[in-house]
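Shown next, in structure tokens, is the structure this report addresses.
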Amino acid sequence: MVAQQVKTIFQEKYRGVGRMLIACPDRPGIVASVSKFLFENGANIMQSDQYTQDPEGGMFFMRIEFFKEGIEDSIDELRRAFASVADEFEMNWKITLASRPKKMVIFVSKEDHCLRELLWNWQAGDLNAEITMVISNHEDSRDLVESLGIPFYHLPVTAETKAEVERKQRELMEGNVDFIVLARYMQILSPYLVEHYRNRVINIHHSFLPAFIGGKPYDQAHKRGVKIIGATAHYVTEELDAGPIIEQDVSRVSHRDNVGELKKEGRHIERIVLARAVKWHIEDRILVDKNKTVVFT
Amino acid sequence: MVAQQVKTIFQEKYRGVGRMLIACPDRPGIVASVSKFLFENGANIMQSDQYTQDPEGGMFFMRIEFFKEGIEDSIDELRRAFASVADEFEMNWKITLASRPKKMVIFVSKEDHCLRELLWNWQAGDLNAEITMVISNHEDSRDLVESLGIPFYHLPVTAETKAEVERKQRELMEGNVDFIVLARYMQILSPYLVEHYRNRVINIHHSFLPAFIGGKPYDQAHKRGVKIIGATAHYVTEELDAGPIIEQDVSRVSHRDNVGELKKEGRHIERIVLARAVKWHIEDRILVDKNKTVVFT
Amino acid sequence: MVAQQVKTIFQEKYRGVGRMLIACPDRPGIVASVSKFLFENGANIMQSDQYTQDPEGGMFFMRIEFFKEGIEDSIDELRRAFASVADEFEMNWKITLASRPKKMVIFVSKEDHCLRELLWNWQAGDLNAEITMVISNHEDSRDLVESLGIPFYHLPVTAETKAEVERKQRELMEGNVDFIVLARYMQILSPYLVEHYRNRVINIHHSFLPAFIGGKPYDQAHKRGVKIIGATAHYVTEELDAGPIIEQDVSRVSHRDNVGELKKEGRHIERIVLARAVKWHIEDRILVDKNKTVVFT
Amino acid sequence: MVAQQVKTIFQEKYRGVGRMLIACPDRPGIVASVSKFLFENGANIMQSDQYTQDPEGGMFFMRIEFFKEGIEDSIDELRRAFASVADEFEMNWKITLASRPKKMVIFVSKEDHCLRELLWNWQAGDLNAEITMVISNHEDSRDLVESLGIPFYHLPVTAETKAEVERKQRELMEGNVDFIVLARYMQILSPYLVEHYRNRVINIHHSFLPAFIGGKPYDQAHKRGVKIIGATAHYVTEELDAGPIIEQDVSRVSHRDNVGELKKEGRHIERIVLARAVKWHIEDRILVDKNKTVVFT
């Protein structure tokens, strides 16, 4: 029921709205060609952002939000028509429907503050997503999740069950996922998932990366005596805590704060940073360039 | 000598770079026409920002930074060529040379922290400006200003001399000014100057406008017991402290801070906020829309 | 059940912990007398904060957190013993048990983000409170509140029922309240309640007071074109939006944000600012001095 | 002349003001004994801050600002009298005159933004210091420094001259220094100076430590694609960039910022963070506890 309400909000809000994302080697004429194409195909540019890495031989990135009456039914046609423009400029590109909800799977362990924040933002009509399931290695969040009509799967992980659990995760998600959010999931994701969902798995790390890579970052921060703590949302890659950074934020602390208090304060930043990253991903605002992100906010 | 160094920095940095600023009623085809025009005239878009107020019947704002070999000599030609595009869309527009320094006049009274910040940023090669003069109703800053080779004029203001001083100010600035910065100038500017330099006079108000309009904002803030103080850079209009806001920032304070300490803390914010606003003005990043600004940062 | 868990957390955390709050005219010897008293009564100072308004003839404020074995049973005795010290210095004072939960009543209307934040922080063991009831002029939050075992009262307000509703509110709260939180309650509280619970009713105003006093602050902010929006938690007084400010925070916005987006962004600040103010109130960190607060964080 | 003005400001501001700093193992009765001592010696506590690491067996830290008529002449007497209290509690302590300017030596290389900030704050009456000299391995800042009547020494460092330069530095500072500020000094200080001036050499590191330790932190930050950059002021120890952190602050950046822009933005944070650290050091607000600081702000 909540799911249906959210869906309706975005179908109305984004009626006729499409998005075009482009990454290609920079050269003269890209914007002219793209905007001419859109104009001739009856699409009006509502918002456009671009970024040129380096005028001489760098990459060019662009995100356009446009309005085109009936885009919901004619998007495939538009894609076919755009192919020739894209080929000419060697573009890596996609055109998406803004109204189409992205299928989101959330992984969580015991601490539920990030999960709660996502669910709350979703209910509030901030995230155009269909939360297809929540997967956890603990039972704690079952009531919260199921009360919103979202399937909850409890898949505890041990050294023995690891392979079996991964198989099960893949099976559950098959056809039910556009992207994955690790909302304080304290297990390493399998290499298969990392590889298969490249740039589609968002993790929240509870430190200001690259400071305090690895386990127990708040303990590390306390030991080092930092005056500011942070959190980092990033796409997951093979190397732990080293994937492309999407968003970071920080909070001021002092000598008075022990590890427990750093954790409490940190929870506020974690949930805010993760929620921003998820929202930007859903709204197609993030382009990945090697190990860095271009974020059009 | 400093002036010559600064000039050289920007001539190299911005060789071939032009800027196009547009405001017009929104309708389909603007971006296509503009980008086609630039492409056909050999200009490559380096950075483009746009903002549509409201897809149905609102205004459209755009700022483009482009590279065109030899723009320094062909800018008038480019302007003439663009006129027909501009007419078609009823544009309010301009095309500027990024390398051309803007002529800046600074007004200051006794407190010199904002003046110092501007001079420092200018020396550091952050502001592409020619500081044609500093005008003050006090002598205090003469040494500082003259040591950098900038003319300093001491024009004290009294009820009797007011009209004469204004005449003198206008005379001095005649042909020597693109915009004016009130860097904590504690006199009301004459209506003539306000009118004549509309959207070209930047003031720093020492409060988080519209809180604490008028005199002694830190005293007001202290009395009200606020937990955050701020500063506001805005264009000057006839109505005091009510012009279009360019930038604001804030700083946290507590019950421990008396008025003197609020002022000290405030000086930090004032100079940072003013310096940002001046930089954005110089870089043609600000478009004024009635009593509000569109700032493309 | 949640209530019992929260209670247990704080009974353990604060076993033996007491708090002393003092406001009195400043003069030599206060700290010496108070600390001597505590030492001689077997209390060890864990944390002490003080603030002297003005060394010459101003007020002195102090908050001490101390540990005294068995304080839970001997607090009345300690209070009696302290009376003579207090009299000598004309102190306005209290001694409280840190482990005793404060009875909190929450008022809410339709928007529930502030309510949710408080409930979440409470469940997470951050607020040592007993939420005795939630009162609303709408039904919307009933499920959320009752699912946590908290009584929910729907008291719709109309011009006709106003007096009756106020009588009902007072009746419900009689003996069940230490302080009241207006978590986006869009009705004016009755003068009786304001007077009766002076410095014990916390409101969240959705602007950076004193900017945008009154209704629709985000509309006002949008119209003025501010670059930063804020929220203010304050104690409620007879004069609307003019009570002692407890906490404020802000968030950066731009010309791109319409009123709806300002509201969304604002909700984040509102809930964070209100949660801080409530926590500080519960932890006896706020002393009110005329129309200002002294907050020992 | 500036030096004399600054001196006068603080002699008036701090007439009669003393400071007591204490670190000792925590146990009952410390505050009572200290405050009794001050009261009996005619000193009125103006401001007091304390921090107990851990009620069971941790360290206790305290900073008291007090007023005692004629303290300027009787401070040695007060120190002698306090020795017996200090012994009883095994205190590490000192009592200082707030009006006495600390002798500050500034080291700088080519980039002068931190030096300028310190000089400006000093001129503005914010830093109760006597700047006895500026030492640089470049000539660039000579005019700026000497124009304020401060001695400037140009000591270029090469592999061959290193030992000789260090000897010269020590000779110059002999008797002329209370603490040293490395205001973007790009040379490693000699182990002798680090050891000799332990917790009295403040460095500004241009990153958010412990991220990007070592050289070229902005290049590192750009490569990693962080969304926030920072600066860290810390006391210098043998291990590079690993000494006790005094203060940190950050600034938001984006994919648009190249290394040059990170550096420009970073300069703002560096100077603000360093200025805060220096001010706190001068005001005896920092106690060092192993490799961490307790800062009473």
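The chains carry the letters A, B, C and D, assigned in the order they are written, with residues numbered from 1 in each.
In the analysis below, a contact is a pair of C-beta atoms (placed from the backbone, for glycine too) under 8 Å apart; a residue touches a chain by one contact, two chains touch by 3 or more.
For each chain, UniProt lists the protein as follows: A, B, C, D = Formyltetrahydrofolate deformylase.
What you are looking at is a predicted structure, and each value in this text was computed from that prediction instead of being measured.
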Remark   = Check: interface with higher C-beta contact count, A-C vs A-D, is A-D
Note = subunit A to subunit D, mean C-alpha position gap in Å, rounds to 43
Task = Could you put a whole-Å number on the gap between the CA centroids of subunit A and subunit C?
result = 37
Key: Multi-chain contact sites of subunit C, meaning residues that touch two or more partners   = 51
Request  = Pick one for the touching-chains graph, please: line, ring, star, complete, other.
outcome  = complete
Task = Write out the stretch or stretches of subunit A touching subunit C in their complex.
result = 113, 116, 120, 124, 126, 147, 264, 267-268, 272
Note = Counting only contacts in the complex, subunit A reaches subunit B at residues 27-32, 35-36, 38-40, 42, 44-52, 55, 67
Inquiry  = Quick check on the complex: what are the subunit B residues that touch subunit C?
reply    = 51, 208-212, 224-228, 230, 244-250, 254-256, 289, 291-295
